[in-house]
Amino acid sequence: MSEPLLEARSLVKHYGSVEALRGASFQVAAGEVVSLIGDNGAGKSTFIKCLSGAEQPDSGEILFEGKQIHLDSPTAARSLGIETVYQDLAVAPDLDPAANLYLGREIKRKGLLGALGMLDKKEMRRKASEEFSRLGVTLQSVDVPIAALSGGQRQSVAVARSVVWASKVVFMDEPTAALGVVQRERVLDVIRKVRDQGIGVVLISHNMPEVLSVSDRVEVLRLGTRVARFKASEATLEDLVGAMTGALVQEDVA
Amino acid sequence: GGGQVGQSGGSGSSNADNKSLALIPGVSAEPFYISMQCGAEAEAKAKGYTLKTQAPQKFAPADQTPIVTGILANKPAAVLIAPTDDKALAGPMKQLKDASIKVIEVDTSLQDTSIAESSISSNNEQGGQLAAQTLAKLVGDKKGSVLVLNTTAGTSTTDAREKGFKEEIAKYPNIKYVGQQYTDNDAAQSAQKVTATLSSTPDLIGIFATNLNTGEGAATGLRTAGKTGQVNLVGFDASPKEVSDLKDGSFQALIAQDPATIGKDGVDQAIAALTGGSVTRNISTDLVSITKDNMDAQSKYFYKSSC
Amino acid sequence: MSTVTEKAPKQEEKRPLLKRVAGANSLWIGLVLLVLIAAFGVIDPTHVLTIFNLQTVLIQTSVLLVLSVGMTFVIITSGIDLSVGTVLVFSGVTSALTMNAMSGGDSTNAGWGVVIVGGIVAVASGAAWGLLNGWLIAKAKIPPLIVTLGSFGAALGAAELLTGGSDVRSVPNTLAKSLGSGTSFGGIPNMVLFAIVVTAIGAWLLATTRFGRYTYAVGSNEVAAQRTGISVTRHLVLVYVLAGALAGLAGFMSMAYFTTTTLTSHGTDNLNAIAGTVLGGTSVFGGVGSVIGTVIGVFIPAVLNQGFTIIGVNQFWQPIAVAIVLVAAVWFDQNRRKARNLR
Amino acid sequence: MSTVTEKAPKQEEKRPLLKRVAGANSLWIGLVLLVLIAAFGVIDPTHVLTIFNLQTVLIQTSVLLVLSVGMTFVIITSGIDLSVGTVLVFSGVTSALTMNAMSGGDSTNAGWGVVIVGGIVAVASGAAWGLLNGWLIAKAKIPPLIVTLGSFGAALGAAELLTGGSDVRSVPNTLAKSLGSGTSFGGIPNMVLFAIVVTAIGAWLLATTRFGRYTYAVGSNEVAAQRTGISVTRHLVLVYVLAGALAGLAGFMSMAYFTTTTLTSHGTDNLNAIAGTVLGGTSVFGGVGSVIGTVIGVFIPAVLNQGFTIIGVNQFWQPIAVAIVLVAAVWFDQNRRKARNLR
Amino acid sequence: MSEPLLEARSLVKHYGSVEALRGASFQVAAGEVVSLIGDNGAGKSTFIKCLSGAEQPDSGEILFEGKQIHLDSPTAARSLGIETVYQDLAVAPDLDPAANLYLGREIKRKGLLGALGMLDKKEMRRKASEEFSRLGVTLQSVDVPIAALSGGQRQSVAVARSVVWASKVVFMDEPTAALGVVQRERVLDVIRKVRDQGIGVVLISHNMPEVLSVSDRVEVLRLGTRVARFKASEATLEDLVGAMTGALVQEDVA
């Protein structure tokens, strides 16, 4: 494993009496795909929220390119080039797919009107269409609100948004969960392409064949702590399941 | 087991050297009551008493009752009050009396005459009549319609003004009374009622606005329609704003009460009741009609917006 | 790489009672109320902390409290009811007119029979408006804000039509003396007892019954409630009927207290009831709230107003002070809850 | 079992313009407005369909329209602003007092310089209240209903404190004659021109700019907006500042129109603005709405009131009739939209 | 295939200009697991909503036990013994898991209080715990609102609710999408058990191995119409993918 791009050390996060993270650690390097796996409720989403600024850990430290950072908002993470696909889809249901793709990064018109804040909707729609077809997202109509899309279509829009904007790290919390066979393959391809651009990709998935096929490394979370790390090429499905269920624990990883 | 509220409350605590008085006007922030407060404060000071004023936000018993009970806790020697309802306030005011606090009614009064020591007021119905007479004089023998702008349905004082106006205006055969419009005491609604009435009743020659807000709205409505001066506008009360409007011709006449005297007499009666002097049960104060012509002579009736 | 350590999941434990109480939405706002009372008590102990004051604050709040209990149910369904104040007036009017008609025009000396019929008429009138509101909201799917803004105007208009625009002022003495100003159990005003009973039933209904659970479910996710087979339409109608009936009851109480129908007095009751409810921790987005919270939320402004009048705060400062306390109370409550860090 | 048929997905086509217009939230409610006007015109053609009536309805609605434009932004963020009416009053008061102070106590004959300063003070005062509201809502996370209910009371209290409780009565004649009752372009009242300009800018801002898009995004899903890097706090504060500034402007217009500060007249402006906005298709749950819809929504009650007064409907019936039309208009609008069956 | 328990014929459903269903047909018999598969946006969720009363089709007919029925609400379907796990999870986020499990079917107290509508919360909580452990749903705390659960935990609650109450047909729209490996196996076991009780199970899933392992039959939807039907034991992964993508069309199935 090369020099880590983003690293978390002993993160702890409580929700009231629930301990979602109990000292979890994690690394991802540039140009590698790391899968984060674990049982339901293991704390994966919480972990990713802490690393992308959506939640603040109670204790522990986060290092980015070797320097300790403090992510007090998703904006802070985004400005470092970290993008995230959240499991509870973070889309604005009343806006259309193009508006969602460009949310927070709108294209303005040229000239005075643009300086006044006026948007170039046509350009955004055009570019959005391009991105969607590149990623194989098929929508029957682009000017309907996201709320009217099918589950998989909504998820595709969220994935598209993260990969379009990321420059350093992409977190994807179950990006393929609702996707069809074809769309899933496209997303996995995209993940590989993004990795090849030197971006670090963190994938959360419950689909073990998918995890083994796309990842370089796998880290396993159980009850809020890291219990195992594998090279994907050396791990078997049984190893992964054993680590997730607690049948197998590596002593030195937490 | 049954009892009545207040039995445990204030029993006779009034003593001779309690020199504090309280004034509870009908509503806060109205020049009429402010002028009354000024008159009362000046008189109280002159007689060596202190007077505290607490006014409700709205002219409504539900707003005024908590103030009465709140004041009650302070046990002043006497309370001057303008009850906002002639029945609803009977209970709370009875509690004042039961606590040996002298009650003087100013401006308005209860149906139950056994509670207050004295009632000082100008007669609102008479004010309405005076408005009708003034308006009739202003229009002369022109034929046409007149409108009354009332505040909110169920407001006793302005209802009485309308009643007096309606009875009196019937005596003038050239004037047709087209009825009253409620405005919810909102200037914008008042202006709207005026413009709409101008549309439906082109022969409108006069408007009687029963209080300040309706008057302001009516003046605005007429100004919008370009009818200022053509339609005679008679207002009630003589707040500084209305006086300046009278001066510039937005109003043609005002029916003024004498709140300062009401306040002064109220304090006098309260002191008389406390010190065993002679108390007059009912005092009626003057109402006057002010027009541009006589306004300098009547300037003592102008209301104040602060003391 | 392989020692198995047993870390049993801490499954399905219940939080201890103390924690749950501290977590209750209403605890901290209740503290605010106590602090306020204490503050006024310190400033002016002789005049503030009297039985009489307690009585009057309780009485003056009892009508609003009854309105707010209904409002709590409505807001938990993520609705709103702007019409409660004028429905109160309407119900008072129909009730008073009925009692008069039964007594040959003037009910002042009417007996208990007439009073009871009057009470039933008041509640029924309120429930009828509630039914109309509920039907339009649940069945015709018109936003509650529009529907109840409409009935806010319409109920007052109807009341004024019935009375010709002036208050009905003959109210049976039996009623005024018993409910309006009577006391029981050694000094507890009957108005207050009435309100306590209504509130207790409301709290029970919301917290422990199926009706209450459906109320939360509908407000939390209407589609989900529908899909699990709850008749959302029927339930929403019932909730508005409840709010209307309580407004009718409040109208009856108000009439007993003021001995007149107070047409002009209730224009801001709706906002007051909403404020009390929200102050007590009920979310306007639905799904969350409690009656006990509402009780506290209703008393905070009431205590403030009474306290300010007694200690003689300038009347123009009063709304400013009330605003500051309102905002500060909620802010304090939020912060405490955030500090607990549960969600 | 194997012939391959090509069924190309109809991807990313745009709906034709006509369909999109018919789908616009505001079309059907606009039809309702036209039908209303036509109905009054038929009932009493000579008195209703006059230029004078058109002018006066427009003037009388212009102040409320300016308030409602701000309210539209606020409601789209799923907030609410109950304080607009009293902020209007407060702004009028500060503006009038400033103008008086600049003119040595009585600004009646003051010139344009003073008037312009007065206008700036009014807008700034309104914006200051908006800033306070927005800060408490966005930063301290206090529910908008509580915050603006507080400032509803506090702004009026502050205005009364400043004036000692009675209206400021001296307003520059220049202002009253120009903005208040003047006309331009052959009869278009200046008040109306003012409102049109404000509304047009508001509509442009909401529909085409980034500010508008963020407004929708925040109201549609605040968490999502936050996560995509929109500074939700900052945006919410700006939206309330906008609403406050527009209320300040409305206060200036109102003062020019009434030539006084009308302290006690604006208690229900908030509900009127909310009603107009919601009637125009803006959802109280946020994320959906338009300024053009609000314009129509504001005019429906205005036309009704004017029409009813002209054709002489009994005044107690008027609120009932308004309620019926309000509810019916929304119901009709909903049904048409449902019939289109889009979402 | 035995006598169909529930049958749909030529359902059509428009959302504005979007044609979600263009004459789709479908059958499920008692005691069989039928998988409904198709690309994202193919109309699967819409189809299931029509069959469970959550949406009304524009045209077409639905037969239950041979008789034509009209499902105008989910309640109508539930009273026939038809339960559904919706893709956009139909849970009340402010209520706790036990309350959600019993929503619409609360247990009341005994005696007068129960007649007044008072709930037996303890009993419901106890039984809910039983059901959850039977289905292998692990929750760190039972008295928190559903909104505080992890994605998989929420989905498990929704699945539990449907299988507890179904007596004739269960529709499951991607029930395993967010589930961990262990939970997924448990749900598949439950599906088999339910089937063995003689209940018809309709499964929507994008996970083809899962589909092939648990189903008796597979029906394929594409662009709103049925394009293929397979016996699971005879179909291969390639067949399924071919049918979904349109590479393979059976002429006689629509």
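First chain written, first letter: the chains are A, B, C, D and E, and each begins at residue 1.
Convention: a contact is a pair of C-beta atoms (placed from the backbone, for glycine too) under 8 Å apart; a residue touches a chain by one contact, two chains touch by 3 or more.
Remember, predicted model here, so these are calculated numbers, not experimental data.
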Check: Chains shared as neighbours by subunit A and subunit C?
Finding: D, E
Check: Under the touch criterion given at the top, what is the topological distance in steps from subunit A to subunit D?
Finding: 1
Notebook entry, point to check: Greatest Cα-centroid separation from subunit D: which chain?
Noted result: E
Margin query: Averaging over Cα atoms per chain, report the distance between subunit B and subunit E in Å.
Written below: 71
Margin query: Can you compute the centre-to-centre distance for subunit C and subunit E, using the mean CA position of each chain? Integer Å is fine.
Written below: 42
Next item on the list: Round to the nearest whole Å and give the separation of the Cα centres of subunit A and subunit E.
Entry: 28
Checklist line | Distance from subunit C to subunit B - Cα centre to Cα centre, in angstrom | finding: 33
Next item on the list: Any chance you could list the residues of subunit D touching two or more other chains?
Entry: 9, 15, 160, 165, 267-268, 316, 342-343
Margin query: Residues touching two or more other chains, restricted to subunit E: which are they?
Written below: 15-17, 138-141, 144, 148
Notebook entry, point to check: Multi-chain contacts in subunit B: which residues touch at least two other chains?
Noted result: 28-29, 153, 182
Next item on the list: Using the touch definition up top, name the residues of subunit A that touch subunit D in the complex.
Entry: 54, 73-75, 78-79, 84, 86, 89-95, 99, 103-106, 108, 116-119, 121, 129, 132-133, 138-145, 147-148, 161
Note to self: Under the definition above, what is the set of subunit D residues touching subunit B in their complex?
What the structure shows: 44, 47-48, 50, 52-53, 55-56, 59-60, 63-64, 160, 163-167, 169-170, 180-181, 189, 254, 257-260, 262-268, 302, 305-306, 309-312, 315-316
Next item on the list: Give every residue of subunit C touching subunit E within the complex, in rising order.
Entry: 9-15, 20, 204-205, 208-211, 213, 216-217, 219-221, 223-231, 287-288, 342-343
Margin query: Could you list, by residue number, the parts of subunit B that touch subunit C in their complex?
Written below: 1-10, 28-29, 52-55, 57-63, 65-67, 69-75, 85-88, 90-91, 111, 152-156, 159, 182
Item checked: Residues of subunit A defined as touching subunit E within the complex -> 15-19, 38-42, 45, 87-88, 138-141, 144, 148-153, 156, 174, 177-184, 206-209, 240-241, 244-245
